[in-house]
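Quick heads-up: structures coming right below.
In the two complexes that follow, chain A is the common piece, with chain B as its partner first and chain C second.
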Partner chain A sequence: MRIFLLECKKVILSPVLIGLFLLFTGFNFLVIFNSSDHRAELKMVNEIIDTYGREITPSSLQQFQDDIQNDLLKLQQLTGKRYDSVNDFLEDLDVEEYERYSKQEQAFLSGLQVKEMYESIASSIDENYEEIDIEKEGEVALEQYQLSGKAAETYLAENEKFTKRFDEMIRNGEHKQWFFAGKAYYMHTLLFKDLFSKMTIEILLLVILSTTFLATYEFEQRTHLVAFATQRGRRLMNNKLVASLVMAFVITGLVLGSTLGVFFLVFDYSHVWETSVSSAFNWEYNFPYVSWWDLSFAQFLLGVIGVLFVSVLLISALTFSISLFIKNSYVSFFVTAASFILLYMLPSFMPHSSNWLFVAGYTVPTLVMAIPGLFMGSSGLIFFRNFEWATICSWTAITMGVLMMTYRRFVKSDIQ
Partner chain B sequence: MQIVWNEIKKILTWKSLLLLLIINCILYFFLIDFYIKHFPNGRPALDSYRLGIEMIEKYGPTMDDEEFKDFMKTYEVRVKEADRYLQTEKVAVAEGIDTYEKFNSYEWFKASKEAGELRDRLFFEDGTDLFWELQERSRLIGFYEGKEMYSSNATPAQLKRYEELAKEGVFGTYPEVAISNFRDYITNVAVAILFSVVAVMSLAILRDRTRHIVSLQYTARKGRNLLKTKLLAGFVSTLLVITGLLVIYMGLYSLNDTSMYFNVRVNTFIGNESWYNPTFFQYILFTIGGIYLVGIVFGLAAMGFSTIVPNTLTLLGAQIPFVRAFSFSACTD
Partner chain C sequence: MIVVKDVSKQYGDFTALEDISLEFSNGLYGLLAPNGAGKTTLIKMLATLISPSSGEIQYNGENIIAMDQRYRELLGFLPQQFGFYKNYSPAQYLLYLAALKGIPKQQARLKIDELLAKVALSDVKHKKMKKFSGGMIQRVGIAQALLNDPKILILDEPTAGLDPKERARFRHLLTDLARERLVIISTHIVSDIESIANEIIMIKNKRLLYKDSVEQICDTLHNAVYETTVDFGQLDEFRKRHVLLSEKQEYGKMIVRFIHKGEKKDGWIPVQPQLEDVFLYEYQDEMIEGL
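Right after this comes the complex of A and B.
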C-alpha cells in the first residue's frame, strides 16, 4: 500500500502535470465562454417545457401555437399593424428604429422570434421524418463510402435493423420532445464534438505522460538495479500498474469534472436531462441523431463518460506495456501516440469490399474519437449496434493478454 | 571537430531517424497528402489551373489592359461555341435556353426535370470542358472588372498599399489555385518539420544527464566548454534535419506541376495583395527561409529546455503547449 501511495505521489506532485492540467482546463473554459453568446436564448426551452410539458402532443402544440397568436396580437397593439410573423416585422426594421423600443419590448420581440422558430420546427417534425427513407439512405451510403461485396451486404443487413429501430423510435415518439434547436445552436456538436474531443486529447496526453513516467521511472533514474534486487523485486511493477490506472482514473475525473461542471453552469440543461437524445430538435446536419436505444440526454452523457473512462484505462494499460517493453519514456510516448494514430487510420487501409473494413473500426482510438456518434445508428461506418460493447470487451481481452505477456517477459528479462 | 561529429552521431542515431520517419509518415497522411493528391481539387479548380497556364503562355507573367481585352474576346468566342453547342441540343431549344446567355440567366431552382438533366449532362457527362471553362473565365473577368473595389474594412495602410499597386497597374488577374494550394501545403509541411525538429532535438542534452556521465565529461580537459560543442552539434543536426525534410517535401511538391506559374508575381494572383511583390518562385524561397528560421528557433528552444529540465516527463510536458499552440495557429492561419 505504501509503495502504491508513493508511486501516486510522484504523479500528483509533478509540477509539469499540474501545470498542463491547469492550462488545458483554462483552455476548455475559454472554448465554453467563447461559445456562450446564446446562453440566454437557450432558456426559452426551459420555459416551453415548464408550460407545455416535455413531450410534444398535438394538443400542447396547439396550445403553443395559440399562445404565439396571442403574442402576435400583442405585437399588433405595439406596432399598430397586423403581422403573420414577427420576422416580417423585424425585416423592415432598421437598427435605429429597433433601438427606440424599450428593453422589455425588445426582449418580447426576440423571445417571440425564438418561439416562432421552435414552433416551426415542432410543427414540421412529422413532415420531415416522413421524408426520411432509411433503406434509401443505406443505398446512398454504399455509394458514398464505395462499399461492395461482403461489406455492402453487412452494411445493408445492419441498416435493415436500423430501419426497424427508426420506426420503433417514431412509434415511441422519442423524437417529439423539446430540446435546444440543433440547427440554430448546435449544442450536441459543441458539447460532444468540440469539447469532448478536446478533453479526450488532453486526458490522453496527461495519462500517457504519467503512465510512461511511472513505468520507466526506475530505468530512467538508474535505480533499477537496486529497486529490482529488493525483496519486492520485479513485483514492484504490479504496484506501478495499479498506480498508473488509478492516476489515469483520477486525471480523467478531474478533467471531465472541471470542464463539464463549468459547462453545465454556463448552459442551463436542468429541464432537458430527460429529453431523448434522438429528439427532432437535436437535428443538426443532414440526418438527425437517432440512437439504438431509448436514451435520454442524461443517460447518453453518462454512457459517453463511461466509455471514455474505460477507454482511458485500457490505453493507460497498453501504454504501460509499451513502456515496459521500451524502457524509455520519451520513445514510449511517441510510439504510443503513433500506434494510437495508426490504429485510428486502420480502416482507411482496408479494402472496401470485405468485412475487415468494419472490423478495423472496432478499436479504442476510433471509439474515443467518435464520441458524438456513440450509441447512434446514424454515425457512418461505425453505426453498428454492438460497436461500443464489442470494442470494449475485445480490447479489454487484448489488453489483458498484452499485459500478461509483457509482465512474463519482463520478469524473466535481463536487466542491466 | 571530432567531438562535434561524435555529438551529431549521438543525436541522429538510427533510432531517432526511425522516429522521424514515423512522425513524418503519419503527419504526411494526416496533413499533407491531400494537397498533393487532390490538386487541382475537382472542378472548376482544374479549369482555373488550365486557364492560368493558358494566360501565362499567351500573355506572359503580367497582363495589361490590351491583353485583357484580348482575353475577354476569347471569352466571347467561347460563348459563341457554347451557343452552337446548345442549339444542337433538342431539350435546350425546347426549354428556351438555346444561347449561353439564356442558359446562365435561366432560373435553375425551378427548372424542369429535363432541363436539370441536360445541365448535369453538359457539366459532368459529355466530356466537354466548355461550360466549366466559361464559368471560370467569367469569374476571372468579374475579378478584373471589380479590381478597383477594396475591402471595406481595410486599414489606412492597406488602402495606401492598394492605391500604390493600382498606380503600378498591378491587379489580381491570374487564378489563385496554384498559390493558395502552395500556401496550404507549406503551412502543413512547416508543422511537420517543426514537430520533427522538436522530437529529435529534445533529448540532445538531457540524454547525457540521465546517463549520469556529465560529471565525468565536465572534469575532463575540455571541461564545461563541452556544452557549447553540444549546442553546436545540435544546431548542425537541426539544419540537417530541416534540409533533409525540405528536400523530400519539395520533391513531393514538384508533383503538383506548378512551375509555369513561377514567374508570376504574388500580387497578380487574385485576392493576394501583399506588402511585397516577389515572384511565385521567390515567394517559395522566402517561405523556405522562414521555415529554416522558425525551425532553428524551435530547435534551439528544445535544446534550451533540454538543458534545464530534470527528466523526460518535464521535457515532454513543457513542450506540449508550445508545439500545440504553434501547430494550432499554423493550421488556422
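Right after this comes the complex of A and C.
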C-alpha cells in the first residue's frame, strides 16, 4: 500500500500533468459557457414536464395546445390583434418596437415562441416517424458505405434486428417524451460529441502521459538499478500498474466530474434525467437517436461514462505494456498514440465486402471515439447491438494477455 | 555464503564474462579490474539485475534468482551510476527506497536519520537533491545501500565523486561493516581496497585471474619489481624494454619503478611489489588500448 501511494504521489506532483489538467478543464469550461446562449430557453422543457408530465399523451398534448391558445389570447390583449402564432406577430416586429415591451412581456413572447416550437414537434411526431422506413435506411446505408457480399448481408441482418427494435420503441412510446428540441439546441451533440469527444481526448492524453511516466520513471531517472535490486524487485511494476490504473481512474473522474459538474450547473437537466434518450425531440440530423435498449437519458449518460472508464483503464493497461517494453516515456507515448490512430483507422483498410470490415471496428479507439452513437442503432458501421460489450470483453482479454506477456518478459529480462 | 558456479554471460556474439567461479563468505572483497573488464556484469548478476547465460549463483546453496525476494532482502546495492529523484530530498528518497525494501515507516525514519548522520548529510536531509554535488549524491547512494542493514553489501565504484577525506571516511565505514557481513566492492582504483580488502578478485579477458589476499597476489611479482635511476636521454629506450610502473624526477634524473622477470642487472634495486604494480602489469594491454 505504501509503495502504491508513493507511486501515485509521483503522478500527483507532476507539474506537467497538473498544468495540462488545469488547461483542459479551463478549455472545457470555455466551451460550455460559449454554448450557453440557450440555457434560459432550455428551462421551458422543465416547465412543460412539470405541467403536462414527461410522456406526451393525446390528452396532455391537447392540454398543452389549449394553453398555447390561451397564451395567444393574452397576446391578442397585448397587441390588440389576433395571431395564429406568435411567430406571425414577431415576423412583423422590428427591434425598436420589440424593445418597447417590458421585460416581462418580452419573456412572455419568447416563452410562447418556444412553447409553439415544442408543440409543433410534438404534434408531428407520429407523422415524422411514419415516414421512417428502417429497411429502406438499410439499403441507403449499403450504398453510402459501399457494402457488398458478406458485409452487406451482415449489415442487413443487423438492420432487420434494428427494425424490430424500432417498432418496439414506437410501441413503447419511448419517443413520445419531452426532451430538449434537438434541431434547435443540439444538446446531444454538445454534450456527447463536442464535450465528451474533447474530454475523451484530454483524458487519454493525461492517462497515456501519466501511465508512461510511471512505468518508465525508474529508467528515466536512472534509479532502475537501485529500485529493482531492492526486496520488492521487479514486482515494483505490479505496484506501478495498479497506481497507473488508479490514477487513470482518478484522472477520468476529475475531468468528467469537473466538466460535467459545470455543464449540469449551467444547463438544467433536472426534469429530463428520466426522459428516454430515444425521444423524438432528440432528433438532430437526418435520423433520430434510437437506442437498442429502453434507456433514459441518465442511464445513457451513465452507460457512456462507464464505457469511457473501462476503455480508459484498458488503454492505460495497454500503454503500461508498451512502456514496459520500450522503457522510454516519449517513445512509449508516441507508439501508443500511433497504435491508437492505427486501430481507429483499421476498418478503412478492410474490404467492404468482408465481415472483417465490422470486426476491425471492434476496437477500444473506435469505442471511445464513437461516444455520441454508443448504444444506438443509428450509428453507422458500429451500430451493432453487441458492439460495446463485445469490444470491452474482447479487449479486456487482449489487454490481460498482452500485460501478462510483457510482465513475464520484463521479469526475466536483464536490467542494464 | 555466496558461490558463483561456472558463470558466463553472453550478449549475442559478445562475451561479457566467461566461466567465472568464486566463493564469498563474510569479509571484504575487492573486485579489481579496469573499466570494461566485466566487473559491472558480475556485480549486476550478484544483485539479480541480470541472469547468467550459463552457470548459477547460489546463496547458502540456493539459486539467488529462485530465492528472489528472500535473497534481495539480504542485499544492499550501490550501482556504478546511482540515479536519484532530483526533486526529492534525501529523506524522501530514502523513505521511498525503504518502502521498496520492506522496512516499516517508523523504523525507516530512525534508520534514515542514523545513516544520514553517518554519511554527514543530516544538515541537508530535507534539501532537494538536484542541488547536491557528486560526492553528496554518492553518499546518499551509500546510505540507501545500508538502509536494510544488509548481510550482503555490493558496491560498484562507490568512491566515484568522493574527495580524499570522504574516501578515507568511507574506508573506515566499510571496515566496520565488513566485520559482520559480506562486502563486495568493485573498483578500478587500487588504493580504495588495497588496505582494507580481505581478498582481491581480478578479472582479465572476461575470466577470473586472481582471487587471493593482497599479499599473495603481490607475491606473483616477487623479485620482479625494481627501482633504478635513468638519465633523461635513456628514458624512452628504457620504456620500450620494460613495463614501467611509475616514474619520478629527482636531482635531474628519473627514478623509475618497473617490472623485469628476467635476470637482475647492476643498479636495479629490488622492491616490495604493491597491488598497484600487479594491476598495472596485468592490465598493461587494456590500459594502452584505453588511452
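Keep in mind that, in the parts below, the second predicted complex is superposed on the first by the 416 of 416 C-alpha atoms of A that agree within 3 Å, B and C clash if a C-alpha of one lies under 4 Å from a C-alpha of the other, contacts with A are read in each partner's own complex, and residues count from 1 in each chain.
Heads up, the rule we're going with is that contacts are C-beta pairs under 8 Å (C-beta built on N, C-alpha and C of every residue); 3 or more make two chains touch, one makes a residue touch a chain.
On a predicted model such as this, the values are computed, not experimentally measured, just so you know.
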Fit or clash between chain C and chain B when superposed on chain A: fit
Which superposed partner A:F334 touches (first chain B, second chain C, both, neither): first
Partner chain in contact with A:R222 - chain B first, chain C second, else both or neither: both
A:V255 touches, of chain B and chain C: first, second, both or neither? neither
Inter-chain angle, chain B to chain C through the CA centre of chain A, in degrees rounded to a multiple of 10: 80
Touching partner for A:I415 - first (chain B), second (chain C), both, neither: second
Partner chain in contact with A:I203 - chain B first, chain C second, else both or neither: neither
Which of chain B and chain C A:L6 touches, first, second, both or neither: second
Contacts of A:V290 with chain B and chain C, given as first, second, both or neither: neither
CA minimum distance (chain B, chain C), superposed complexes, angstrom: 8
Those residues of chain A which chain B touches in one complex and chain C touches in the other: 221-222
Of chain C, residues touching chain A in the complex: 44, 47-51, 68-69, 72-73, 75, 77-79, 81-87, 95-97, 99-102, 105, 141, 144, 148
Sites on chain B touched by chain A in the complex: 15, 19, 22-23, 26, 29-30, 199, 202-203, 210-212, 311-318, 320-321
Touching residues on chain A, where the partner in the complex is chain C: 2-3, 6, 13, 218, 221-233, 235-236, 412, 414-416
Contact set on chain A toward chain B in their complex: 14-17, 19-20, 23, 205, 209-210, 212-213, 220-222, 328-331, 333-334, 338, 341-342, 345
